[in-house]
Amino acid sequence: MNDSSARKFAAEFLGTLFLVAAVVGSGIMAERLSGGNSALALLANTIATGAALAALILTFGPISGGHFNPAVTFADALEDGVSWARAAQYMSAQILGGTAGACIAHLMFGLPIVSISHHVRSGPAQVFSEFVATFGLLCVIWGCSRACASTVPFAVGSYIVAAYWFTASTSFANPAVAIARSMSNTFSGIRPADVPYFVFAQFGGAAAATILFRWLAPGIEANAKEVVLPRVHSA
Amino acid sequence: MNDSSARKFAAEFLGTLFLVAAVVGSGIMAERLSGGNSALALLANTIATGAALAALILTFGPISGGHFNPAVTFADALEDGVSWARAAQYMSAQILGGTAGACIAHLMFGLPIVSISHHVRSGPAQVFSEFVATFGLLCVIWGCSRACASTVPFAVGSYIVAAYWFTASTSFANPAVAIARSMSNTFSGIRPADVPYFVFAQFGGAAAATILFRWLAPGIEANAKEVVLPRVHSA
Amino acid sequence: MNDSSARKFAAEFLGTLFLVAAVVGSGIMAERLSGGNSALALLANTIATGAALAALILTFGPISGGHFNPAVTFADALEDGVSWARAAQYMSAQILGGTAGACIAHLMFGLPIVSISHHVRSGPAQVFSEFVATFGLLCVIWGCSRACASTVPFAVGSYIVAAYWFTASTSFANPAVAIARSMSNTFSGIRPADVPYFVFAQFGGAAAATILFRWLAPGIEANAKEVVLPRVHSA
Amino acid sequence: MNDSSARKFAAEFLGTLFLVAAVVGSGIMAERLSGGNSALALLANTIATGAALAALILTFGPISGGHFNPAVTFADALEDGVSWARAAQYMSAQILGGTAGACIAHLMFGLPIVSISHHVRSGPAQVFSEFVATFGLLCVIWGCSRACASTVPFAVGSYIVAAYWFTASTSFANPAVAIARSMSNTFSGIRPADVPYFVFAQFGGAAAATILFRWLAPGIEANAKEVVLPRVHSA
């Protein structure tokens, strides 16, 4: 791995780390403080997640594109934005980073580093929700990145804020985040047995939106195919 | 319908679909979690709707203008922004998309696909609220799109967040959304018998603001009459 | 009054109308729904006000500068941004618009058009809060408008969201809004007897910040003295 | 101290003053109104702080860079952005401004000007949280300022909103703010004995992120080393 690849790997690792730390950590804080009021806990969890996501894409986007999400990397590879070899590196970084993020959240709150979640999230409504959530996420990414890439961080953060509430699954919409959250028996956890269905639906939703946008907004082919976000370094 | 028209139709359909899914879905989630605290439920519903709207206009605006609202399309046609033939296509897409969005929200939450709302929203205060809400919405759209179109998504999202709270009707401000919400017997529903009054007031408010802005900000005539938002494709 | 002056008058009237309607209306809605939870009611009132303010400055700013506030117009006149004759017109429009906004909010919620507030807001801590709130508001306006005027709507909206909570008076920071709120015996009202102290402190805070910024950021003298926000029409 | 230095000193003083007034004041208001609901109180405190921070960086950033934080100034000095002599001036201004901000917040709420906090915030989880919080803050600042400095105010505000919830310490992430909050026996206070550990962790986190970004995003060396934010005055 050369220096440029190592930087992209580090950016995806750190971004996903902070994203999962934000999701899991804010869930723990919200549950502790909300005294059983689930709406208030989810509202705090939502605002923290959306704000973190926007800040992290702004921070690491110029280095790696700011995917933090294997479904996004998969979609970018489908469009020849990243090579499949690079996509494999990105996905490894995301899964490792997400896992590290859950551990760091637990450490910050004085909990055991890893705890397997017992939070059941199963059934067709949950799985369908993940398909819709990730389909919508990739619509937002492709729509914004083809027209005006600088809006992506704000649009993605806003979309996830909404999707936490309008899907029955609270929109994981991210395989690396789903895996990481299975290691946290807290507010935002998911039972490991339910993860594969989520991941399957997420990749399906991402692929569907990507294929749709080939027809809906073909402009990218001409002028901006390789980038999700503007990048600083050509190194 | 040629390819460009089909894309615009699809963008209006999908945008309205996700908008209604966000409104109805977040209302269901908020009602389930809030334990009868209506202020908290409406706050979650508000934040989800405003965030979704900003993200969706950023996503689909470059393709179709991001109307998602027959009152907006009507106003744009009054200003010769879209032809009346295209306006009819847009409105069809919006009504179909909104209906589909309500159905998808119900499916995500494991509810029957359609349920007729019993939520009474009648009386002159409610109807006057819809007039004010839609008048204000079109002021925001005309004011921002004539001066700096890139601010429209943020301004519209912010305006709707405010209008959910400052009008007695929680600002439907959108005939397609009103129709779709009549098919959902949930937090955000509206009794079908009340819909025509809402729709009438919405078109009235939109027309009033449009006529006012012909005098208040005539600049658009010279340089930007056809666009609500910058567009990617000239195809 | 020529056509350009009439447009500016109308923009200040409408902007202040919607601002006060947002403050008063969201206060009524919040009080009705929150079941006595004042923190939740103020949070909804805060979010609605900040979002409305950002949207309204984006909407009417290009026409009139988007003051909606006699203290801002006073400060702009101190800096020769508007003439004192125009300032008098602006202040009339703001006071009339604010009053109309309170009436419209009452109509939307089925209340008597005007009701004198009994909400006591007196004492040195309240008055000092208004001085600090308006001093801060003008710091934000002068700091942002001299460096990058397009950030003003977002900065002002964000500042007011914060100031609702960090001042003891919930930051009226606006004489026209204070007068209008004295006509509303609802959540956001103020007893007429307390208004003069608020107004005095508001003009004092605005003047202090304006004089400070003459030294702190003198750049405006050279290049941008007349505008608070970019304007569309030179007519 | 020449005129330019005095302006920078004043900007850092005022910015930190308003930042601490926002943190402490909104904490007092939130505690008074929330009736013991800690999640709601922290949510109000969070939104006020994040909104204030974005507005203040937009306001004072063009004059001084908008640090308001000795850990940020320290990191900037490590990168030769400010000289160590100037860094000492900035840190003095920040500590004085933060202290003044706490006093002003107390005055606005009719409390004694200074009160020593008894709020215990100790233990390795709290200290580790501050390391993570400040590490993340400097990642955001270096990532955004090297690629697109105009995004810094929004990214920093959003990051702090998230970090209030995802760290166990509610992310002070700022030595001047930590010192100032030790003088406030209110919601947001911290026992003086716990401050040194917080400050040590904050400088450690800032240094770690700064060293990391020398490798991760070296672009700044070539083109933009001296600025955190665009500046108006070269005087």
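A, B, C and D are the chain letters, set down in written order, and residue numbers restart from 1 in every chain.
We adopt the following convention: a residue touches a chain if its C-beta (ideal position, glycine included) is under 8 Å from a C-beta of that chain, and two chains touch if they have at least 3 such contacts.
Bear in mind that the values here come from a model prediction, so they are computed numbers and not experimental data.
Novice: What are the mutual neighbours of chain B and chain C in this structure?
Specialist: Common neighbours, chain B/chain C: none found.
Novice: Could you find the chain whose CA centre sits the greatest distance from that of chain D?
Specialist: Greatest centre separation from chain D goes to chain B.
Novice: Between chain C and chain D, how many degrees of rotation does a Cα superposition need? Round to steps of 5.
Specialist: 90
Novice: Please state whether the interface between chain A and chain B is built from the same residues or different ones, using more than half shared residue numbers as the mark of same.
Specialist: different
Novice: Between chain A and chain D, what's the gap in Å when you average each chain's C-alpha atoms?
Specialist: Inter-chain centre distance comes to 28 Å.
Novice: With centres defined as the mean C-alpha position, give me the chain B-chain D separation in Å.
Specialist: One centre to the other, that is 39 Å.
Novice: Residues of chain C touching 2+ other chains?
Specialist: Chain C, residues with two or more chain partners: 37, 40, 43, 47, 154.
Novice: Please output the residues of chain D touching chain A within their complex, sorted ascending.
Specialist: It is residues 37-40, 42-43, 46-47, 50, 123, 125, 128-129, 132, 136, 139-140, 143-144, 146-148, 151, 154-156, 158-159, 161-168, 215-219 of chain D that touch chain A.
Novice: Where on chain C does chain B make contact in their complex?
Specialist: 7, 10-11, 14, 18, 21-26, 29-30, 33-35, 37, 40-41, 43-45, 47-49, 51-52, 54-56, 58-63, 104-105, 107-110, 150, 153-154, 157, 230, 232-233
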